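Each structure below is given as structure tokens.
After this come two complexes, each holding chain A, first together with chain B and then together with chain C.
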Partner chain A sequence: MSGLALQFINLLAALLLLLAFAMLAQRRILSLIHLYTMQGVVLVAATAAMGYVSHQPHLYVSAGLTLALKVFLIPWLLHRVIDRLNVRWDIETLINIPTTLIVGIVLVIFAFNLAQPISELSASVARGTLGIALACVLLSLMMMITRSKAVPQVIGFLALENGLFFAATAATYGMPMVVELGIALDVLVGILILGVFLFQIRQQFDSLDIRHLEKLKDE
Partner chain B sequence: MPGGQVSAAPQLAAALALAAAWIVLGVAGLAALQRFVLVARVLFPAGAAVAIALVVVALPAVWGTPQTAVLPIGLPGLPFHFRLDALSALFLMVIGGAAAGVSLFSAGYFRRAEGTPPGLLCFQYHVFLAAMALVVLADDAYAFMVMWETMALASFFLVTANHRSAEIRRAGYLYLLIAHLGAIAILLCFGVLQANTGDYSFANMRLQNLPPFWASIAFVLALVGFGAKAGLVPLHVWLPEAHPAAPSPVSALMSGVMLKTAVYGFLRVAYDLLPAQIWWWGVLVLAIGLVTALFGVVFAAVQSDMKRLLAWSSVENIGLIFAGIGLALLFAAYGMDAVAALALTAALYHVASHAFFKSLLFIATGAVLHATSERSLGRLGGLMRVMPWVGWATLLGVLASAGLPPLGGFVSEWLLLQSFLFTPHLPNSFLNMLVPAVAALIALVAALAGYVMVKFYGVVFLGQHREEKLAGAHDAGPWERTGMLWLMAGCVALGLLPAQGLDVLAPVTTMLVHASLTTLAGGNWLLVPVSIERASYAPLFFLAGVAASFALAFFLVRRLYHGRVRRAPAWDCGHPWQNARMQDTAEGFGQPVRQIFEPLFRMQRELPTAFDARPRYAVEVGDHFWHWLYLPAARAVEATARFVGRLQQGRIAIYLLYSFATVIALLVWVTR
Partner chain C sequence: MSALGFAAQLLEILAALALAPLFLGWVNQCRAWLQSRRGPGLLQPYRTLHKLFNKDSVLAERASPLFRAAPYLVFGCMTLACGIVPTLSTELPLSPAADAIALVGLFALARVFVSLAAMDIGTAFGSLGARREMLVGFLAEPALLMVLFTTALISDSTSLTTIVRTLSAREVGIQPSLALAAVALVMVALAENARVPVDNPATHLELTMIHEALVLEYSGRHLALMEWAAALKLFAYACIGIALFVPWGVAGAHAPLALLAALPLLLAKLALGGFLLALLETLSAKMRIFRVPEFLGMAFMLAVIAMLVNLLLGAPGR
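Take a look at the complex of A and B:
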């Protein structure tokens, strides 16, 4: 039974990585949000499975929190933002997508190599997935770098947080509840502030292209 | 008269309460922001009363045993320690004594509608006073640094009271910059002194027996840190900028009192917190002190702005004080405690007398500035006739500053020279050969200080008015007169009662160098620093002698020549008419010094040619240190900033890439 659940967690981890690659390759903002929501669903499932395997009841709470926040609230907020800003169209990337994907593969290999010595120290049942979590973090950071529009960057930031959350769950059965609540609140506040910023940028430059922000640099 | 054993801390509690009273007065000023009469006529005089009370409280504490207190203010688990010992008590008296006069003067000085609202000024002023009092009471590095920075910030805001002028903002910035450089050095010094024990109380620092290398590092850091606040060369540049920028009572406090807190801090570290003295420390401090003194007095001689001149003169006096401290360090390192006490007494006496006469001179310039709205010596002159009060007060201050008997300045300079005469007893032949030259340098500085003061007084108060408007100048008001009278009384008392003054200093030198001057040899009226065969000085007899010979001359002249004077036109050197422009100017008076010490200055002259229709002469005397030290340093900082600024591309993607690269690099490094 436990072996099956472990296989299930590994499957979910693979899905998470696949979704991260999909986000890296995705050009349309609306699809990005859908991908983000799916990532949230996978994360919820992974956390719950983890709770089942390790008999840690607080992981169920954490799964419920993730469900509310990352599957419902934040996607809903993001939908509202792109509706109000009317930015559903395609995204320009700074580097073309095939190149990005190749760099992404290199990052994944790097992350697996990196995670191997660490995961041997861990006592968790799902320690093998630490490499995947780290790869998700790096891929999301990569996505933030390669996008030139503000909304995809925000989504990249949120995906990065997903990766961190998964890493915490996989390696140490989740963080203490207080920390988890704090981080959840941080993400929520962060997205609200970023939303305000998006509107401000748009108002200022009539565009969400962050290249306009280069003008703010002190000469 | 050694005091009785006091287990509690009555004087310390009273001193802390008085410092708190100053803060309360400041907050009251803040509450009555625009109520000018309340602030000027009630709060400032109340501040003066607090200052006098502080002197009264501190005086018995000089003889008492050290008192300590721990107050749970500040951060939780990090209470403020306070301690009142002889050294703190002495400096509290200096602070209170000078601040009383300046506060009384301020009551009449600040005018309506001048830049900063009066209440705000009152707040900054009293916080400044309280911070200075608490600096000398602090007994752990944390409380000390908090008070030290409060003092620096309060004085910064006071300097920039008139912040609409760009020049004043620039002066304030320079002051703040150097104050912070000094504060960093002091912080590092305390870090070394606590010797990795993690306990920053001074009591713990006294117990640490630092090896000579680390003790020397702590000492040099203290010299840099406190030297920056005191104005030792080459960190003196802020003084001639900040003092003219500040309102006059503030300049008086900064020059007369705040510089002394730096002297206090240096003494505290060098003698109290460090376990033992090393001889080369003394040589270093002595050399820097002498250079500072000479540099200050020479630059004072060529200034043509009243307050700038006084600021440079403060640099000179600080140099003399540090020369005395350095000499005492040298003697103490060789175990010659009695002579060390003599040199230290000279330095401490000069601290007190400089506090009084420099505050007096600065507030007098304030009165002149208000009456004439002129600071430039080239536009003043003949003010003795229209401002007799200010004129006489300044005369007294000038005499004390020039080191003439029977005033306070003479006593300290005389004691300093006496202590130099003992250097042949040093067990280091090289130093022995060097010391006569040093003593000569002290004499030169004293003489030039006299020259500077003649110039200052002569150009401002004697002769004829250089401008028409000066004839209408008004004398100081009653509050201002009271303040000046208080400081004059201080100068005179320090001059006439040196034996009693030394009595107060004896416990302080006993605490620092384990010896004191025995004043018993001469009784109450005769000052005998070492032995009666060697030298003695009786100011009252001296004064009586001066008065008697003056009276005799006056009597004889009146008696023998009265009525025989024939009035006729004076021989006019071939000039049938004379006007104010033909008097010796400040520039003219300083010209010999400018010639003799030319290598010290960076001069830019503008000379008229023979064909100029409107001939104009201008000379600007600059400080080499700007061009040799400060401008290169500023350029280096700017170049570094530009280099680092290349990182700043303005593109978020690039910034994210930096984080990304850092994360990758760290991960690789951590898991290596």
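Take a look at the complex of A and C:
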């Protein structure tokens, strides 16, 4: 039975990686938010399955927390932000998408190799998925680098946190509850602050292109 | 090499030749139903082939022998491809002759000849179609190879019969790598067989067509062979999908009865697969030709991820 659950976790891990790639290839902000929500759903399922396999009840709590926060609250906040800013559609990328995907594949290979020795130290049942979690983190990081608008960067940051959360769950059955609650709150406050920040950028420059932020002089 | 093996091989090739137009008809019929049309009927591809075989073949004045030879070559390639994909039995005398890599090579050979023949006449449409076919082909081939490599990694062999034997002996379970590879294969199959998101097989609109532009100069029995070969190619891809991802029910080495049971099972799988293909085609819109590289790049990436995931997570069912 736990063998099947383990396979289920592996499938979810692969799905998480796939969603990270889909985010990297996505051209529309609205679809990006949907993908982020889907990533949240996968994360909830993975955490709950991990809790079932390892008999760690606190993982159910963190799954519930993830559900409330990453599937409902944060996507709702993001939807509100893009509605207010009226930026639903296109995303400008700095590198074209096929190149991004190829670099993404290289990143995945790098992450897998990097995670190999670490995952051997771990005692968790799902340690094989550590490489995938690391790859998700790197891919989200790359998404932040290759996008020139502010909203996709914020979503990249959130996806990065998803990857880290999954890494923690996969390698060590989740962080202590206090840390987890702290991070959840941090992300929530972070998204609120970033939301305010987005409005400020827009007000200042009439666009969300963060390249404007590189000019540091007062004019 | 037993007599049973020969019988299985013969049955498989004959089944492919006979069923390929039916499969095409089934897909078209399903599409018509899904689009609330009545559709031309299941047997329409046979009627078309019959009509074309009875017509005279008209050749362009400057057609070289290559133009005349190409339909036979392409038809031969596709028949052989259908012959080496184990769908009915894993004991096939032809299979040591060609493994998974050679299968991709066969498709490539057919593609090269179709494109050369299309350019041979020198019309604008022919070379346009040939270029597009090559554009699709050079991106689809690596993706197909990666899909086959993923399954080869699981079974430690590139021989198709060994792969199918290993995969069908495996216990039923969820394998993320195979799921990813299956999605990649579907994408490659859509592109390679000129199905809807990449090319519309029913169109004659010059700006979008790929397959139609290639066979535009053919007529009579040549066109019939080309169309039959296209149906065989679609059938071969469906069979690859079935052999790799739902291989249960394929007859083993010494089981004449299982061979008899394998045929209805194959028909059922093909019917379901054809329906799903039609559903997919109905649900998607044709994309711009310059989006095709991105689409196929995605397929390639999925296949590579499938291979990497397989290396990382291992094959639990082994």
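Things worth noting here:
Note that the second predicted complex is superposed on the first by the 216 of 219 C-alpha atoms of A that agree within 3 Å, B and C clash if a C-alpha of one lies under 4 Å from a C-alpha of the other, contacts with A are read in each partner's own complex, and residues count from 1 in each chain.
The working rule: contacts are C-beta pairs under 8 Å (C-beta built on N, C-alpha and C of every residue); 3 or more make two chains touch, one makes a residue touch a chain.
Given the structure is predicted, the values throughout are model-derived calculations rather than measurements.
In the superposition on chain A, contact is made by A:G128 with chain C only, not with chain B. Taking chain A as the reference, the larger set of touched residues comes from C, when chain B and chain C are compared.
Once the two complexes are overlaid on the shared chain, A:F21 sits against chain C while remaining clear of chain B. In the superposition on chain A, A:F112 makes contact with chain C only, while chain B stays out of contact range.
Of the two partner chains placed by superposition, A:G163 touches none, neither chain B nor chain C.
Residues common to the contacts of chain A with chain B and with chain C across the two structures: none.
Touching chain B in their complex are the following residues of chain A: 94, 110, 114, 117-118, 138, 141-142, 144-146, 148, 153, 210-211, 213-218.
Of all residues in chain C, those touching chain A in their complex are 173-177, 179-180, 293-294, 297-298, 301-302, 304-305, 308-309, 311-314, 316.
Looking at the complex, you find that chain A touches chain C at residues 3-4, 6-8, 10-11, 13-15, 17-18, 21, 25, 97-98, 101-102, 104-105, 108-109, 112, 128-129, 131-132. On chain B, the positions that touch chain A within their shared complex are 648-653, 656-657, 659-660, 663-664, 667-668, 671.
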